[in-house]
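Presented sequentially are two complexes of chain A, the first with chain B as partner and the second with chain C.
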Partner chain A sequence: MSVRIITGLALVCALGLTFGPRHALAQDPRLHKRLDPETAAAVAALVDSASTLGLPAEPLVQKALEGQSKGASGDAIVRAVRELIRDLATARDALGDDVGVDALLLAAAALDAGATPAQLERLRPHRSRESFAGGLAGLVYLMSRGVPAEQSLDLIAAMLNARLSAAEFASLQRLVERDMMAGTPPAEAAASRAQALIRHGRSGGFGDRVRP
Partner chain B sequence: MRCAAVAAAAWVLIAAVSPSDTAGQGRGVPRGWPGESGDTGSAGPLDRLLQEQPRLLVRPMAAVLGDGTHEQRLNVLASWPAADTAPDVALHLLFGLAAGGDVYTRSGLGVDIAYPLGPARFTGSATVAAGFGNGPRQTVSLTLGGGLPGLRLEVRTTWLQSGLTESVRRSLEPGVPMLPETGAGPDGRYTDGELSALHRVGPVSLRLTAGQRFGGETHGTRQWLFGEADIPVWRRFGIVLAGGVRPERADLAQPGGRFAQVGLRMHIHSTRKEEPDPAPPPDVRPAAPTVVPLEPDVYLVRLYVPGARRVELKGDVTDWEVVAMRRSDEDPDVWEATFRKPAGVYHVNIRVDGGEWVVPPGLLAVPDRFGGAVGVLDFPSTQEVNDAT
Partner chain C sequence: MNELDPRLEPWLAALRKEPAARPEARARLAAALREEETRAARRILSPPAALAAAVALIALASAFWLALWRWNTPERGTAVEELTMMQFVLHAHDARSVSVVGDFNDWDPRATPLTRTGDGVWSAVVRLRPGTVRYAYLVDGTEWRADPHAVASREEFGRPTSIAYIVPPEAP
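Here is the complex of A and B:
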């Protein structure tokens, strides 16, 4: 076997190792089965690009499938996937490369809800906490309820600092909802409940009791 | 008998005050589902039980027996927490009054312990009771059971002291003259195995129970089969109809054999419950979906959708294909579906009775980038489940 043939095979193997997995990922059969050929090709190309950037592919495929399921046009699907890639990349830049997929998705949702990259970056020191994704979910929730982004960030950062668990972040939403139903403004409810959770744990310190 | 009573009492005490919580501290109880208390803190099981509001279940009943005699009963059960929530640990104070051929009152203490394992639920209970009148002076019952939501097998062993009621004795041994009440009848023990099936037809609960007795001095019915229908009438009141062949229950002064019974079921809140609640809403059932980890990467999602005829779900967990949820056997207002997915955050929508696709109530809603919204559903990791409990 000549040196030229060996070199050629090595080159093919190297190219296969470099591009093979990504290409296989982009050829997700779900896209071609559920989307029209043009949209499927466009989404596949975006997924391929995102993979090159080191972004997770599955949320992008799911976003495309969601669009198809909701009757969105091909253009709308491609646009949604592109925006998600943008937000995921921005979130990763703000939070760091080592942040998990769940946290990345929630951070992208926070950006979509109006948080700025600089605001997200304030949570970066907490990214190694187990409850980090829960904290980001709490941030998205507070912002969706109209609590100003800065105040939401302050509260979530304080809760992360206090090493509250994911369950305690989940209870924040329940407690704030309860206060709001009783007429308390969202920002006030969020502040008092977050502080109480930090002081007293999951009960929120207000005699909250899940009755049987 | 004495040993059994001591063992049962020790079990009750251990279950009530053990800091390790023999019920597994709500293992398998999902966040937000009844049984998961948000403010348990470091309180022990007994503290937690006492923090719950007790509820009173009152059941007056009247029955016609196979020999034409009549029987009236009144059972009262105070529970912490209420028994209808299927708690992991429940404490009961019970009182019973039987009248007819005999009069017998019975009062005691019981503790239930449950352990959910996937869709199955295993339970144990111990009851210690003392009686006055024409029946046993002391009774101890230990029950072990398990089953799926619609099917349940129980084995119950009962120890009693001071013998059978006179009506039971008379019905079982015709021709034997009634013994004078001495208060010191024979001791006894029997073990019952019972299989019961529960089926719901709309709001009506139908239960069919079959059983077999092992041991004991029973001379009459050793196999039984009876049915019960619980028909809700108004709010917390219902009518319970029952009939068939029932076992002799010496511990309840209950003669065995054919019977037909009508009763009332009344759930009465404690006075504390009637006090103004500073923290509404009072709905005891979760509006938010509940996620139950069944095994690694397998999750059961439960939705509380009252009055729905059909509930469908789609999301990342289904590749956005529509799946129909199934109605729970335990509660017609609860809908369930099982998903095989790794722990993580997923987006979902639901549709009720063919309506619009919406965010399931109680879930965090985020924009879907298509002009709508999706709910964020969290499949917790093992670590998160441990944190939650």
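Here is the complex of A and C:
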């Protein structure tokens, strides 16, 4: 085999590898196995577009599989995937291009819970912290329990500023839940527990050992 | 040498005159020159250099797509020791079957059944990668329920969904 033929084959492989996998990623076999051909093709096209925008594909595939599992129509599945793309893109615009998939999903959930993109943007300076996704999980939790978005953001930003760990954000949820069961209003419980965790964080306490 | 015989002058003039090239010979020469120019242009990327460039392109493209694939499907790239045990518990007194269905099992209702562990208590322990997980319970194959201990996500497709964040293990 001449050098010219080997070179030609290598170039064909290189081009295939460059342009093929994106198509292959979009053509997730799970979509074709679980959805009708029309819906699978529409979702695959959306996933392909989202990948072009730099958005993660897996949550979109999972959204489509969720729809199939819950007996949704093809139109409803495509609509839900499209909405998730919009939410993920809004979340990424608010937080920055370098946030991970978990943080993006949680930010999208915070938007769903009523936070505005401008409010989310306030957490952007903390995005490189290891516990950033944990902080967003705490934000979603507080908002789901009825703590106003503005107050929730203030508390989470203060906790991120104090460099609390993801385990401490998980502690916040457990402690607030316990206080609420004892009859404390959510906003009051959130404020007192967050402040106590910050104080303990500053004095060297961390994680699940914190029992303010 | 003596002077040339004047009778030879006309012949000498004819010999000094440049001979006219035939048109077909001119065309052959032009074609040969063009071919040589084309060959020279091709030699800008010699076969070994082209091969090296192609191999480098393959390596780069492979690395890029592998990284993208791992980013899109993080659980597939998670080592077993990085997985965290998560217990799913639901109180469903009259249920005949309960399963937990979510992102971690491709929303497959048959993948993760819960077992009855007490009086109306159903549970299952699943190894999951740390991070965000969306899920719901399916009771008797028809009734979708959110996890009462977790955050309720937006009700999607007219059925409840829960969202939880599994904390990564702390660095030693």
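Things worth noting here:
The rule is simple: the second predicted complex is superposed on the first by the 181 of 212 C-alpha atoms of A that agree within 3 Å, B and C clash if a C-alpha of one lies under 4 Å from a C-alpha of the other, contacts with A are read in each partner's own complex, and residues count from 1 in each chain.
As a working rule, contacts are C-beta pairs under 8 Å (C-beta built on N, C-alpha and C of every residue); 3 or more make two chains touch, one makes a residue touch a chain.
All values derive from a computational prediction rather than experimental measurement.
Of the two partner chains, both chain B and chain C are touched by A:Val140. Of the two partner chains, chain B and chain C are each touched by A:Ser165.
When the two complexes are overlaid on their common chain A, residue A:Ala45 makes contact with neither chain B nor chain C.
In the superposition on chain A, A:Ala72 makes contact with both chain B and chain C.
Using the contact criterion defined above for the overlaid structures, shared-chain residue A:Ala57 touches chain C, although it does not reach chain B.
By the touch criterion stated above, A:Arg174 is placed in contact with chain B alone, chain C being left untouched. In the superposed model, A:Asp112 makes contact with both chain B and chain C. Note: residues 30, 59, 62-63, 65-70, 72, 76, 80, 101-102, 105-106, 109, 112, 133, 137, 140-141, 144, 165-167, 170, 207 of chain A belong to the chain B contact set and to the chain C contact set alike, using the contact criterion stated above. The part of chain C that touches chain A in the complex is made up of residues 47-48, 50-51, 54-55, 57-58, 61-62, 65, 68-69, 71-74, 101, 103, 106-109, 131-132, 134, 144, 151-154, 156-159, 161, 163-165, 167-168, 170. Across the complex, chain C is touched by residues 3-4, 6-7, 10-11, 13-14, 17-18, 21-22, 25, 30, 51, 56-59, 62-63, 65-72, 76-77, 80, 101-102, 105-106, 109, 112, 133-134, 136-137, 140-141, 144, 165-167, 169-170, 207 of chain A.
For chain B in complex with chain A, the touching residues are 31-32, 34-41, 51-53, 55, 81-82, 84-85, 87, 278-282, 284, 288, 314-316, 319-322, 344-345, 347, 357, 362, 364-370, 372, 374, 376, 378, 380, 383-384, 387-388. Of all residues in chain A, only 30, 59, 62-63, 65-70, 72, 76, 79-80, 83-84, 101-102, 105-106, 109, 112-113, 130-131, 133, 137, 140-141, 144, 165-167, 170-171, 173-174, 177-178, 181-182, 200-204, 206-212 touch chain B in the complex they form.
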